[in-house]
Structure formats: structure tokens, C-alpha cells
Amino acid sequence: MTTTTHAHAGPAPARRGFVGRYGRRLNEIGLLAAIVLLYIVLGAAASGFLSLDNQLGVLRNAATIGIAAWGVTLVIVSGDIDISIGPAVAFASVLVAKGATEWNLGVAGAVVLTLVLGFGWGALAGWLRARFNVPSFITTLGLWSVLGGLALYMTDALPVPLPQSPVFDFLGGSFLGIPTSALVMLVLFAVFAYLARYTAYGRSVYAIGGNAAAARLAGLNVTRVRVLLFATTGLLAAITGVLLAARLGSGNGGAAAGLEFDVIAAVVIGGTALAGGRGSLLGTFLGVVFISVIANGLVLLGVNPFFQDVVRGFIIVAAVLVNVVINRRTTGDRIA
Amino acid sequence: MTTTTHAHAGPAPARRGFVGRYGRRLNEIGLLAAIVLLYIVLGAAASGFLSLDNQLGVLRNAATIGIAAWGVTLVIVSGDIDISIGPAVAFASVLVAKGATEWNLGVAGAVVLTLVLGFGWGALAGWLRARFNVPSFITTLGLWSVLGGLALYMTDALPVPLPQSPVFDFLGGSFLGIPTSALVMLVLFAVFAYLARYTAYGRSVYAIGGNAAAARLAGLNVTRVRVLLFATTGLLAAITGVLLAARLGSGNGGAAAGLEFDVIAAVVIGGTALAGGRGSLLGTFLGVVFISVIANGLVLLGVNPFFQDVVRGFIIVAAVLVNVVINRRTTGDRIA
Amino acid sequence: GGRLGENGRVGVVYMDAQGFYAGVRDGMRDHSQSSGDGLQLLELNAQGDASEESSFVDVASSADVDALVLSPVSATASIPAVRLAHESGVPVVCYNTCIEDEAARKYVTSYILGDPHEFGHLLGDAAADHFESEGVTDPKIAVLNCEFVEVCVNRREGFENALFDRLPDAEIVANQQGSTIDEAVRVGERVLTAHPDLDAFYGEAGGATMGAVRTVKTSGRTGDVVVFGSDMSTDAARALDDHTILKADVDISGLAVGRMAGETVEDILAGEGSGEFITDAPIDLYTTPEDGARWLEEHPDGIP
Amino acid sequence: MTDETPSPASAGAVATARAVTKSYPGVRALHGADFEVRAGEVRALLGRNGAGKSTLIRLLCGVETPDDGTVEIGGEPLAAGGVRRATELGVGTVHQELSLVPQMSAAENLYLGAWPGTARGIDHAAMRAGAREAFADLGVTIDPDTPIGELPLAQQQLVEIARALRSRPRLLILDEPTSALAAGETDIVLAAVTRVAERGVGVVYVSHRLDEIRRVSDTVTVMRDGAVVETAPVRGATTAHIVSLMLGHEQDRAVQRTDNAVDRSGTPLLSVRDLSVPPKVESVSFELYPGEVLGLAGLMGAGRTEVLRALAGFTPADGAVAIAGTPVARRTPGAMKNLGVGITPEDRKSEGVVPLLGVSENMVMSWFGGASRAGTVLPSRVSALGRDLVDRFSIKTARSDTPIVNLSGGNQQKAVIGRWLHAQSRILLLDEPTRGVDVEAKAQIYRIVRDLADGGAAVVFVSSELEELPLVCDRVLSLRAGRIDGEFTGDDITLDTIMAAAMAV
């Protein structure tokens, strides 16, 4: 029997040579290389790019994309998608502003209300997905339309000023020189990286994305995980909305337009497969940095803002193309 | 031997009773009922809704959604998605306007150029999907960004006036009292309904959406079909863009924003499954009518424009929820 | 009976999602209430999209609105829609923006105009006043624009005319898109980084203005960089009141325009074609803290 | 009817593969294999999982082109012509994986890729008529309009076979056509194969069921590790010899029926009263004691899967279920799992494994708690637990974190069973655990099942391969049309008795 075992096990170790060991990280390594290259090029070409202020600015903008991106990574790993982020952030910024002013909930009350509602609308979308099998593209498209409409309807598209409050000053400001929103992003990154890799919940997400039917038969509570996934992105969008309101000093129904595309782009550039089952938070982190640096660089280089969209489109497709090709090389072909 | 066979074939015919025979049409019947109900309610509640003029207006607006929706139906049936419609239409409208004026191609030349390019960029997206397995959500997201950016960049967001031409007058006007764009929509509907059901191409699309591996094993050229599918939606978007330019008398880089969502909503409301393999053009037709009538009704009822988005979001989710529930009832559980 | 719109209706088009248009709507409502005409408003927010506008005008015309009050998205792309309305016998009232002059004379009954050039000009003058009083002769100014709509280009031209007239050494060092507040903040920060010696921002629209104010405040450049802005809101009024960053703000009151539009429609329905084609909408320049405080008092609900 | 196909008299080679080699990234699936089939011959192709049978077949029918070597069909080189060329040359194939489009009708699946057309488009009526005829020809009654996905698996498989035969091939390839079928349908398939071969068609028949091969084929080709080992007449070869050719060594010991006394005096571990899942299952009652392996026999669609799924809480069902004497009122999957019930699915690929996850993770996912400390899943514990299970079940894998797709079917199956050992389940519901696995792996799975029972677990073992039930089960229930209609214990469990009960009319 040993001989047979040997003959069969034979090819496998061969496959795990250099490529095998780094294969699953190849995409992340590539992305890191691309970011380094960007820094070199932009540092040379765009004056002020390397300044501390600008780098902190990059970080702060990264936070707007990043916080939601951690949650969306898990949603996409589980084989679903969430396209409601932009309007959800705008609506949350309106909620917190209205809560703290018109509805007299106090600052803390308004923040709590916003986070709870964010969790709630996410859970609702997740429940429709999990319980009734409504595709998540549709449930979150519905959310996109409803929240975006409500945010503008409730404010008449006017900014809702926040009250003066040390809490908002802190949230919109800096702590030890680093923007608070960036700190929140980093802390949440640590939380999610841990969640994804070291908890039953996180592992379930990967199992569900890899094969939901198998996960269900193995006794995982697929419905609960799915509801939680969308509830989490709702919560993260709400957090982003609160931070955005604090930064802008007001809640804005039209803010964060198109953010969902940046978030999804960051996630897939980071190597998470839209088909589910594969992806990492580190990859998403690099994707967020990549997108933020490029956006910053294009502005500093004085590129026409419309043309920036053109460049961005090409970059997204190119990055995913590279990912797909790398993945095909390094993992078994048995999965199409 | 016959007995065994017989015993087994038993349950199948039983299952195909009333529900079996109409099951697959149940969604379309329900949608038709919903439309009739809408007509009754709106006819009673909103003055002017039933006027001929208004109905022709509904039809003209339906054309903007419908023409692209025929192509997107097939794309979604094949298991892919195309989210590039809005910017593609805007870009096409710019192309035809620039072609006919700045680039001196003449009216016919400009129209041909636009259609050829539309076919071309669609084919490119399809090729990336088919050849390299880049998810179509990404390839068309790239297209969305690139075309939208180019359309605004090339025009500085200013409208490009069309030259006076009987061709554009005809395209933007009416024929025998019916808007030309609506006629184009209806003709293309007939073409696509035929294509989908009575040609090898159409059946291949369904086969690929139902089980791409099986389709490939059966000798279908999956790559070619996929490229063609996206090329077709590119072409249809270009046609919509030309008609829109004719109607507005100019090419507009910012036109048709968000059209992709209306198109996708119409398709899924019409009963086409985002998972692929199932869907009909008749369903999409009804979905287009449903969405157009609702949009018209909300305006006539004087609903706040922002709140219209809220209503629309709810309706999309509700319609798809009903579809999903109906489908689960009528088709075997074996298909997820 | 009770079918909606039986007592007559007016179609209203708002160009995009700015607070100004909330003012217009409230102004029209106000007028309608005080005159008791019971007109139904059919509204569209075109979000800058000429095709949306065109569909809506279709709907409104075939629904036999008594008048169409619109701020066209584009001077050229909106012509067919306006012509259609005109040809369907619907009187058209432009406000804020209008279609090209020649076409407007043919198809538009009345135009409530807050001249964008004048609008920019007033602010440019105020900016020049400010710099002259500070003794700066070569201010470096960054523009946060909304130039995907044509009026914003006109606003800037007006601004530049006034400014360069008086301070020929002034310089526009950057002109980037930033019409919503979050976009403006993002772009504003980068502009500050790229131009450390910047003296002022010019915000072409409400979001751009407040984004610039916010940028200056959060990057600790208060007192160093000032802002000249457009469009009033509660937020802007407060900033003006504070007067450390926002030095001047120019505004056309949506409420006032709405009321004027209501009157115009009433006149038209009554058959009293008002003599003048163009009615000037008042352009208000706010330059002092007192101006800000007064605005807040006069607009308790924040609708401009 | 058979005039296009060459008569047996002119019998030459209908298909020849010479020195074909085919590699996938990291695997050499075939190297230097020679293969030839003659007209009118039924050639069995044998070999363990991963020996390269399906790969050889994919080369013969044009799905893949060899890296090296040539393939000829009826003397014509296939070259890079693909499936279309192969079909033109007269190859009809039933692949190992069902390759049907679930949403399409039976008729349309039959004509997939070769829709009958008129100048005005596809002729749906002709398609329906043709399908009715083709099914009748095969001896089955299937409504051509039913979407394939709504048909039982067996009928789906029969539609595939009808499709392979539709173009009147001169070479018919069947890759494990009966792995999902029970005795009744298997007979239909075997009869069809014999009939087709008599018409002069060359048939390649892959199966892991040696008894079938004896019934249908003339010669057998054995493959091992990507090469052809031997081709011999079936009649002359003993089973032991064939098996040793497949394995490359003698089988350790033939599987034998082990009689062990089950103690039925205590409380049953699982007691089921009047379990009903209308309309598929009616009033099923039985008791299961620790240490017992209970077989569920029955034809395709008898309702066995449904019984298991209901017991594990996946389908709502009427009736009373008690575990270790305690009645379970709310049977949800979570509750049943916590009570120690584990289920393995009949379709390993679609419901069993999470392909991209490692072998260990596929096993610990039934109970992450077992690999955690203070709510933290420890990767080191995951791999330690995984390695332990890999050793206990002798799962052949290079590493315990190899993605499970890279394992052969039998080893995947062992991992899926191992999942419940990790979750410390006491009641195991195994649905077709030996489907599509080779002889050696089968023997290992039997042994695992027996070991689990000997360790105090109770096992329900469902199989369509009735001949394996006597080997593993202490007791067998026969299910027909959702009802229990027979029970056998001890020496009564023989192939004949079970078969008779299952098929009785």
C-alpha cells in the first residue's frame, strides 16, 4: 500500500514548491510591489506626494473605503455582494446629524441610533438573501435605492450641520497626529483579520463561499452567518457615515456617491474572488491602499478628473486580470 | 424492465399538472396582472395617465430601457451580467454627435461608427470574460468607468449639438404617430424573442447559463457565444445612445446615468434568474413596461422625486421576492 | 372626483441635488398656498441628466400641465424638451438656468434669471476687497468647481473678471472638480498639500464652499487660507458668522426664486403676459458676520 | 437503422489512441497510454480513482487534445478537431459528471448543440418527437417537456445515454454511467449497451462495479497511474487478478462479512416512529442500537435520501424521533447535530466538500469548537486534528492542508465521514458513501464504518449497490415507494433477498 500511496501523493508535493509556498500569496506580493512602484514613481513625479500631510490625507481617504471594505470582503468571500455602501454611508451621516440636532438624542444617542439602524438594515437585506434566496445583488440594489432616496428626501439635499461636540471633533480630527478615522480603520482591520482567520464565524464564511450546500450539511448555520455578514456591512457603513459626518461637520444626503464601486474594486483588486470562497483581508488592505494612492496621485499629477475615471477603469480590469491569471497558474484547474 | 421504468416515470407527469403547465409562466401572468392593476389604479388616481399622449410617452421612455434590456436578458440568462449600459449609452450619444460634426463623417458615417464601436467595446469586455475568466461584473465595471469618464472627458461635460438632419429628426421623432425609438424597441424585441427561442445561438445561451461545462462538452463554442453576447449589448447600448442623441438633439456625456440599474431591474423583475439558465424576453418586456409605468405614475402622482427612489427600491425587491417564491414553488428543489 | 392633478398642475424641474432647489419648491408651495390655486406640483430632480429631463418634460407635456417651471440641465441639450413643451402648448418658465438665447426667445415665456456671470462677479469683487484690505496684491486662489454644468463656468468667468480687473497679479493655481462636500474636502486637502502658499479657495457651489471651509479648518490653516463661496445654507451662514474662514458668500435665494416662479405662473394662467422676458432674481452677497446671523434668523428651517 | 455504422464483419478498430500523454499542472494524468477498441466490442476500462480513465476518455471524445501521441477515430485522426469533429466521426459520450442543463427540457438536452433546424429556426416539434422516439428506443418513458432538473437522477442519466446514442455513433463511451443508478436502471443501461454492441458499435465502459463488467463486457483494459497495464478477456480473469492489476499489488484481504452481536436490550440510540415526508416517505419506523450498522436498501427514488435528510433535520417531517430515549420535538439541523447526528450526502461534489479548503479544515468545519480555545480557532490545532484523522482513515494526501479537490473521490469521501468523527457524532447517516470510489477505497470505507460501529456509534448505511449491504450491515431495511417493506438480519442479508424485496412489484 505504501507504494501506491507514494505514487499518488507524488505529484502533490511537487506542486507545492516555490509557487506552492507563495502561490496563494503571489497576488498580495504583486500588489505590494505595485504599491512600492507607485510610491517611487509618484514620489519622483508629483511634488508633495511624499509629504507627511499628504500621506496622512491618503490614509484618511483610505479609511472611507477601507472600513466598509473589511465587511464587503467577507460578504464577497461568502459568495454574495453588497452594492449599497455609498447610499448607506450618506444615509448614516444624515441620521447621526439629525439625531444629534433635530431629534434631540444627544451625541451619544445619535451615534448609537445610527449604528443600530445600520446593523438593522443590513440584517434585513441579509435576511431576504438568506431566508428567501433573493440574490444579494437585488436586495442591496433595493437598499441602495431606498437609502439613497431617503437620505436626500429627509434633508432636501441640504447639509444637516452637526452640533459642536468634542466627540465629533475627536472623530473628525486626529489622535496623536493620525486621523481618527484611519485609526478606526486600522483597529477594525485587526478585528476583521482575526475574525476571518481565527473564529468559527470567519471560517464558516469561507466554507459557505466555497460550497454553501456542503457547509449546511456540515451543520453550519448558513442563514445566521449570511444575516450577520450583511448586518456587519450595514454597521460598518454606518460607522463610516458617522466618521464622514464628523469630518465634514454635517450630514449630507448626497455624500459618498459611488463609494460602493471603490470598495468592491479594492476588494477584488486585493485578490478576493467574486465567485466566493477565496480572499484575504490583507489583500483587501493592499487593494485599499493601492486605490487610495492612485486616486491621490492622479489628482496631484493634475489629471483631468473625468480622465481619472478612465484610468481607474483600466486599472481595475488589469488588476483583476492579473489576479485571475495568477490564480489559474497556482491552484488546481479542477475548479473552473 | 418496463415495470421498473414505469414505476419511476410515475411521479413526473403528476407533478406536471396545472402548476406544471403554467408554472413557468406564472411569473409572467403575475406581472401582467400587476400591470393591469397599475393601469386601473393610476387611471383612477392620476388624471391624464390614460391619455394617448401619456401612453406614447410611457412607450418612448420604455424604449430607453427596453432596447438594452433585450441584450442584457440574454447576458443574464447566460449567467453573466452587464452593468455598463448607462455610460455606454452616454458615450455612444457623444460619439454620434462628434462623428457627425467635428469628425466630419456625415450622419450615416457617424451612426455606423458608433454602432461598430459599441459592438467592439462590448466584444472586448466579452472576450476578457470568455477568454480569461475575468468576472463580467468586473469587465463591465471597467467599461462603466472608462466609457463614462471618456464621455465626459471628450466633451468637458458640455453637450455636443447634432447637425440638422432628416435622419436624426426621424430617429428622434415619430413614425405614424408612434415614437421611432419605441418602434425600434418593438422590432428588436421580435428579433431577440426569435433569436432566443429559435436559433442555435439563443439555445446555446440558455445551455451555457444552465451548465456551461455541459455546454462545452456538447461541443458548443462557449467562448464565441460569450463574446457575441457582450458585443450585442454594446451594440444595443450604442443604438440607444444614437436614439437618445437624436431625441435630445445633442450628445451628452452625463446622460442615462443609472440606466444600468433600471435595465437590470426590468430583467430580473421579468423573471430572469441572476444565477443564469432561466429567463424569457416576454418577461423582460413586461418588466420594462412595469418599471416604465411605475416611473410615469410616480411622477403624475406628484411624488417627491427623491422619494420616488425609495418607492422604486421597495418595488424591485418585492417583485424579485415574489418571483423567487413562485419559482421555488413550481420548479424542483434540485435546482438551487 | 379627487383625481390628483384635476385642479391643474405645474411641472417643475430641478437641475440637480442641491439645497437651492428645496428653496425653490418651498417658495412655489408658499405662493400656491397664499394664492389658494391648489395646483399640483409634478417634480423631477434631473440630477444633471438631460435625458431624465427630456423624459419628464414628455410626461409633463402629455399630462397637460398648465406650466412648466424648469432649470434646464443644459443650454443646448435641453432645447428639444423645451420646444416639445412649447409645441404642446405648455408655457415654459426658466429659472436659474435657461436654454440658448435664440431658442429661449422662441420657446420660453419667461426667465427668472440670477445671472451667473454677475453672480461670480459680485464674489470676485468681494474677494478683491478682502485682499486689498489685507494688502495682498498677488493672491493665489484655488477653485473647487462644479463645471460639469455650464453655469459654473460662467460663475468662474465672472469671478475672474472682477478679480483680475482689480488685482491683475492674482493667480488661479488650481481648478478641480469638487461639487459635493466630501469630494471637495478630498480634493481640497490635496490642493492644500500641492500649494502650501495658497491664499484662498473659491467654491463655485454650496458643497464646494463648505468642503473648502472644512478643509481649511481641519488642516489647521485657519487665518491663513480664506474661502469665498457660493450658495447659502445653515452651515454656510454659521461659517460666515464665525468669519474666520468664510469671508464672503454669494447666493440666490431659492425661496425668492420659487415665489417669483409661482407669481409668473399665476400671471401666465391669468393671461397677463408680463412685459419683460427676463425677470431678475435678486443676487445677495453676504460678507459680514452680521449678514450670517441675519440669514440664520430669517431661515430658521435652513431652506435657502 | 444501423446502416451508417460499419457491420461487425468489417470490424476494424473504431478508435485508437497511440502513446498518448496528458499533463495537468503538477499531475501527469496519462503517459504513453495505448488503447484500441474494435467495432462490436464492449471494452471495460478499469482502474482506481485517478488512474486516468476519464482523461483517456476525454482525449477519445475530443474534449482535450493529447500533449503527445495521436488519437484516431475510425482511421481518421482527431487532431485538434474538438468535440464537434469527434461527433462527426461518430463518437458518442456519457461523461462521468452529469452534463445536462437542468433548466432545459429533456428533449432539448437530448439535442444539446445539435438542435434540429429548419430554415425558419429550430423545430421544437421535431425535437419533441425525436426525443419521444429516442427514449422509447432505450426502453424508458420520459416526458420530453419536463425540465431535466426535475427528473430523478436515474432518468437524467438515462437521458444522457439516449443523447450519446442519438447520433448513431460508431464508438460509444460510457464513463461510470451506473454509479448513480440502482439495480433496475442499471439493467436498462446494460441491456442497451449489449444491444448497441450487437449493432456493431464499439463501446468503452468504465465502472468500479466488477459484477457489471462481467455481465456486459468482452475484454477489460486495466489502467494504473496513467498507463495501460493490461488488456485481457473478461472471462478468463479472476476478480482477484483484476484487482491486483489495478492496485499494483494484492488486496490486503478480501472484505468479508463480519458478524457481530448487537446488543438490542438497552435503549436504542435512535428510535424513529412513523416518520413521514409527504409524498416521498410514509410512516417509516425503526430502531437503531449502539454498535449497529443499519442498511437502507431500495431503488432510486425509494425515499432513502429523504429519510436521512429528515432525520438530520434538513427536511421538515412528521413523526416522532427519540435519541437515546429522549424525544426530539424540534428537529433543526443544529439541534440534531448537537444531539450527535451527522449526515454525509449522496452527491459528494455538490454537497460534500468545500473544494478550495484544506483537508483538515473540511473535517473540522463540523465543529470548530473542537479546534478552538477561548473562541479562537487555532490553526495548529486544526492541522493536528486533521493529521490525526488523516492517519486514522489512511486518507491519501500529501499534506493535511492540501485543498480537498486535489484528492481522489474515495479519499474525499473518507474526509467527509471523518468530519463527523471530529464532531463526536454517535449517529452517522451515510448516503451512498461508496459512490464512484474504487475497490480499495470501498474496502477501506467498509472498514471505517465497521470500526465506528464497534466504537459504539450507530450507522445508517444507504447504498444503491445492493451487493455491498451484506458486507457491512447488521440489519437491512428495504424501502419501496417511501415505505418499509422488508427487514433482514444476520444471514438473511443476501443479495438475492434484498434485491427481491426492493424490486417486488
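First chain written, first letter: the chains are A, B, C and D, and each begins at residue 1.
Going forward, contacts are C-beta pairs under 8 Å (C-beta built on N, C-alpha and C of every residue); 3 or more make two chains touch, one makes a residue touch a chain.
Please read these numbers as outputs of a predicted model, since none were measured by experiment.
Student: Taking contacts as defined above, which has more of them, A-C or A-D?
Tutor: Most contacts of the two pairs: A-D.
Student: Taking the mean of the CA coordinates per chain, how far is chain A from chain C in Å?
Tutor: 35
Student: Let me have the rounded angstrom distance from the C-alpha centre of chain B over to the C-alpha centre of chain D, please.
Tutor: 42
Student: With chain centres defined as C-alpha means, what is the inter-centre distance between chain C and chain D in Å?
Tutor: 72
Student: Mind pulling the residue numbers of chain B that touch at least two other chains?
Tutor: 152, 156-157, 213, 304, 306
Student: Please set out, as single numbers or ranges, the residues of chain C touching at least two other chains.
Tutor: Only 17, 45 qualify.
Student: Among line, ring, star, complete and other, which one matches the pattern of chain touches?
Tutor: Contact map by chain: other.
Student: Mind listing each pair of touching chains for me?
Tutor: Every touching chain pair, ordered by label, is A-B, A-C, A-D, B-C, B-D.
Student: Spell out the part of chain A that touches chain B in their complex, as residue ranges.
Tutor: Contact set of chain A toward chain B: 81, 128, 132-135, 137-139, 141-150, 152-153, 157, 213, 253, 261, 264-265, 268, 274-275, 304, 306-314, 316-317, 320-321, 324-325, 328, 336.
Student: Okay, in this complex, where on chain B does chain C touch?
Tutor: Against chain C, the touching part of chain B is residues 44-49, 51, 53-54, 56-57, 60-61, 64, 152, 156-159, 161, 172, 244, 247-250, 252, 254-257, 296, 299-302, 304-306.
Student: Can you check the complex and tell me which residues of chain A touch chain D?
Tutor: Counting only chain A, the residues touching chain D are 1, 3-5, 7-9, 11-16, 197-200, 202-204, 206-207, 210-211, 213-221, 277-278, 329, 331-335.
Student: Mind pulling up the chain D residues that touch chain B in the complex?
Tutor: Those residues of chain D that touch chain B are 63, 82-84, 87, 93, 95, 97-104, 108, 112-115, 117, 120-122, 139-143, 145-147, 149-152, 154-155, 184-185, 187-188, 191, 279, 299-301, 481, 503, 505.
Student: Which positions of chain D touch chain A when the two form their complex?
Tutor: For this pair, the touching residues of chain D are 24-28, 48, 50, 225, 247-249, 252, 312, 314, 333-334, 337, 342-345, 350-357, 361, 365-369, 372, 375-379, 394, 396-399, 402-403, 405-406, 408, 419, 423, 440.
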